[in-house]
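The two complexes that follow have subunit A in common; it is paired with subunit B in the first and with subunit C in the second.
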Partner chain A sequence: MTLATAAVFQPVARKEYLDRLAALSPGPAFTPELWTEVHEEVQEQLVLLEAEVHRMVAEVRVDAGRTEGNRFFLFSYRTFSMPHSTLDPVVAGITFIPARQAVTVEADVSGERTGDWISSVPSKTVANSREELVAVARDSARKLCQSADAIAAALTDPSRRVE
Partner chain B sequence: MQSPPLSRIRRAESSDLLNRAENMQSTTESHGLSLQEKEAFVRRALSAMTEHTFGFICGVYGVSSSTMGRHYGSALRCKLNGRRAVLTALHVIEEAKKEPFGLAISTDYGKPPYVVQGAVNIDPIADLAVYFLPDDFPYPGEGFWPAARIDRSLDQLATDYLFLHGFPGTASHPSQLLSGVVSKSLPYGAMQRLENLPPNLQSFQFAIEYDPVGMMNETGAPRDLVDPRGLSGSPVWRIGVSGRSSGEWKPTDSLLVGILTQWRPDEKVLIATSTEKLPPSW
Partner chain C sequence: MIVYIWGNLTSDNFTPRRGKDTISRPGQHAGLSASQTIPPGRKAQGIDIDKLKPPLKAIPDNTTQGGTPGHFAIAPVDEKGEVDVKQLEAWAMSRGAGQTHEFTQLLLDAVVEPNAKGSMQ
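So, the complex of A and B:
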């Protein structure tokens, strides 16, 4: 006896429940590694901001970090606070928000607890590639570095005291 | 100018990380493909999966005489614990064994089948059987599905596209010309069924949509239902696009998730035993 097996049938597909299929758009591949790369790029640039604020407010304490959540892929930030003070710390950070087949990049400086606006960079939408995403992250972080004066002022503004 | 306390919202959401599945679903929903794009994607993926998986599937036959046999089911050639094996449904083995000259599995096109001798490992509850191939089994090493691509967690079963590939009995017939049996394979893709399930579905089983209405081929044109009998023992994969960019997907992202064991025409589903049920000793 011999056997002859062949893939002759045309493939057959069904399309019910495709709403559940969690396939991402063919734009940038949003892997955890990508967001780590983006976070590191942002933090590398924010070193300059930290140095500049430190030059103006010697006693400032700076913490770096990142979070992610339901409505955004990544929030990469530095928090500036005054030790032994009730002044609201200042957060300078960049948020990467899902948009249809793209990512919106928003950079701003605001109060940690009150959310008071201190400065911001015009948002940008990225759709083409990982390289473009990293480049926009770098550019937005560099623009945030121009907020050193505003951050230093906020950290010494007595009206920003919180309970 | 006062804006909402964005920072506080972001910090609060970091606690959402505790629920990773919910997070991922929400992110992919807002950043996924449209339904139309998903349809086009799965049609393209089917062709790639058909080609990629054909080299790993085989037929299970009962040997009725020295020159003829009968098709009973399908199977997967795979590596388990470093050993070459054939994985199928137990009831396929049991039925094929009833033929006068025992059971055999297909090897290569136009070649004699390999007659199974020796012990077959079985799990009657899961309806699974594995036959560890002796060294003289004539098939190259690359024709065995790697153990590293067997998904035993199944966390992404419901959000991925499922694909099965086997030999339906209605497409298998004896050939005097070849002095043997000719079988055509059926590549089939669908999502997991999560509602209106058969009442006695076990926790180690999952259901795959198989409704005669709504079949389409890779161009999107309607297709008639293929009688799935004989597909028992067919491997079921998730194609591996869940949580990934569809633009970067390739068939080597696919993972084995189950073995087909039943057809429930009343509920219009196929039932598979999940790879979670594979005994570690296999």
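So, the complex of A and C:
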């Protein structure tokens, strides 16, 4: 009777082809640079929305901004407000929220303080790549650009006055 | 406990308004308003008040003195737990300046339910 033998292969240190492991990464690397790129992509699209709202409401004031927090990667937005008015400003923005090695992208137009919904884009979850994330951000921002009429109407709606 | 700041995640909405949120009322401290409820069909941002870092604190209204049930004021407090009016005023002064004040960021970092929706009754 012979004893069973087990082949033992010692690990071999190799540095070649390490780049191939990147294909197994569970999603894009969420670096500050990535979020700056996404923010800039969103704002580039929202310029068109600003121009369209300006065409309809000449006196509108528009401010671009971004915030971030521990539970959301980025909120990239433009705020539309009427100077010297108590009407609630309207915010067109996109939120990027972590979701199990993926990102949920939520885009909508709503009141800054009251949170009244003016329009929204169906949310999307992005898991695959930096390119896909930027593409979804661009697509969502373009869809928000279709809300110019609704934003103009909200900015002149007296029922939206706040304290 | 979760309280909700109604509206959006903008820097301005997370910063008190000078002359409005910096003034106390009967049963209600000065500070940024938050509520335990969201109006139906509205958007709000859920804050875990246990995640608020000093000097910020969420102070519930005193309903026996005219405050609103479920309403909180979020404000910087001193070592005695009283609203620090000077710090609150300085925070409010930063509103609309295009910069995110450190207290605004503390509040944004305490958001645990971004874009919460008020359920329709």
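Just so we're on the same page, the second predicted complex is superposed on the first by the 138 of 163 C-alpha atoms of A that agree within 3 Å, B and C clash if a C-alpha of one lies under 4 Å from a C-alpha of the other, contacts with A are read in each partner's own complex, and residues count from 1 in each chain.
Methods note: a contact is a pair of C-beta atoms (placed from the backbone, for glycine too) under 8 Å apart; a residue touches a chain by one contact, two chains touch by 3 or more.
What you are looking at is a predicted structure, and each value in this text was computed from that prediction instead of being measured.
Look at A:111: by the touch rule set out above, it reaches both subunit B and subunit C. Looking at the shared chain after the overlay, A:75 reaches both subunit B and subunit C. In the superposition on chain A, contact of A:30 is made with subunit B only, not with subunit C.
Once chain A of one complex is fitted onto chain A of the other, the partner contacts of A:95 extend to both subunit B and subunit C.
By the document's definition of touching, both partners, subunit B and subunit C, reach A:67. Number of subunit A residues touched is higher for B, counting subunit B against subunit C. In the overlay built on the shared chain, the residue A:163 is in contact with subunit C alone; subunit B does not reach it. Overlap of the subunit B and subunit C interfaces on subunit A: residues 67-72, 75, 77, 91, 93, 95, 108, 110-117. Those residues of subunit A that touch subunit C in the shared complex are 63, 65, 67-72, 75, 77, 79, 88-89, 91, 93, 95, 97, 106, 108, 110-117, 163. Per the touch definition, subunit A reaches subunit B in the complex via residues 1-30, 67-73, 75, 77, 91, 93, 95, 98-101, 108, 110-117. Listing the residues of subunit B that touch subunit A in their complex gives 1-8, 10-11, 13-14, 16-17, 22-28, 30-33, 35, 37-39, 41-43, 46-47, 49-51, 54, 57-59, 61, 63, 65-69, 104, 106-107, 109-113, 156, 158-161, 167, 171, 175, 178-194, 209-211, 214-218, 223, 226, 241-249. On the subunit C side of its complex with subunit A, the touching residues are 6-14, 20, 38-39, 41-44, 51, 98, 100, 105, 108-115, 118.
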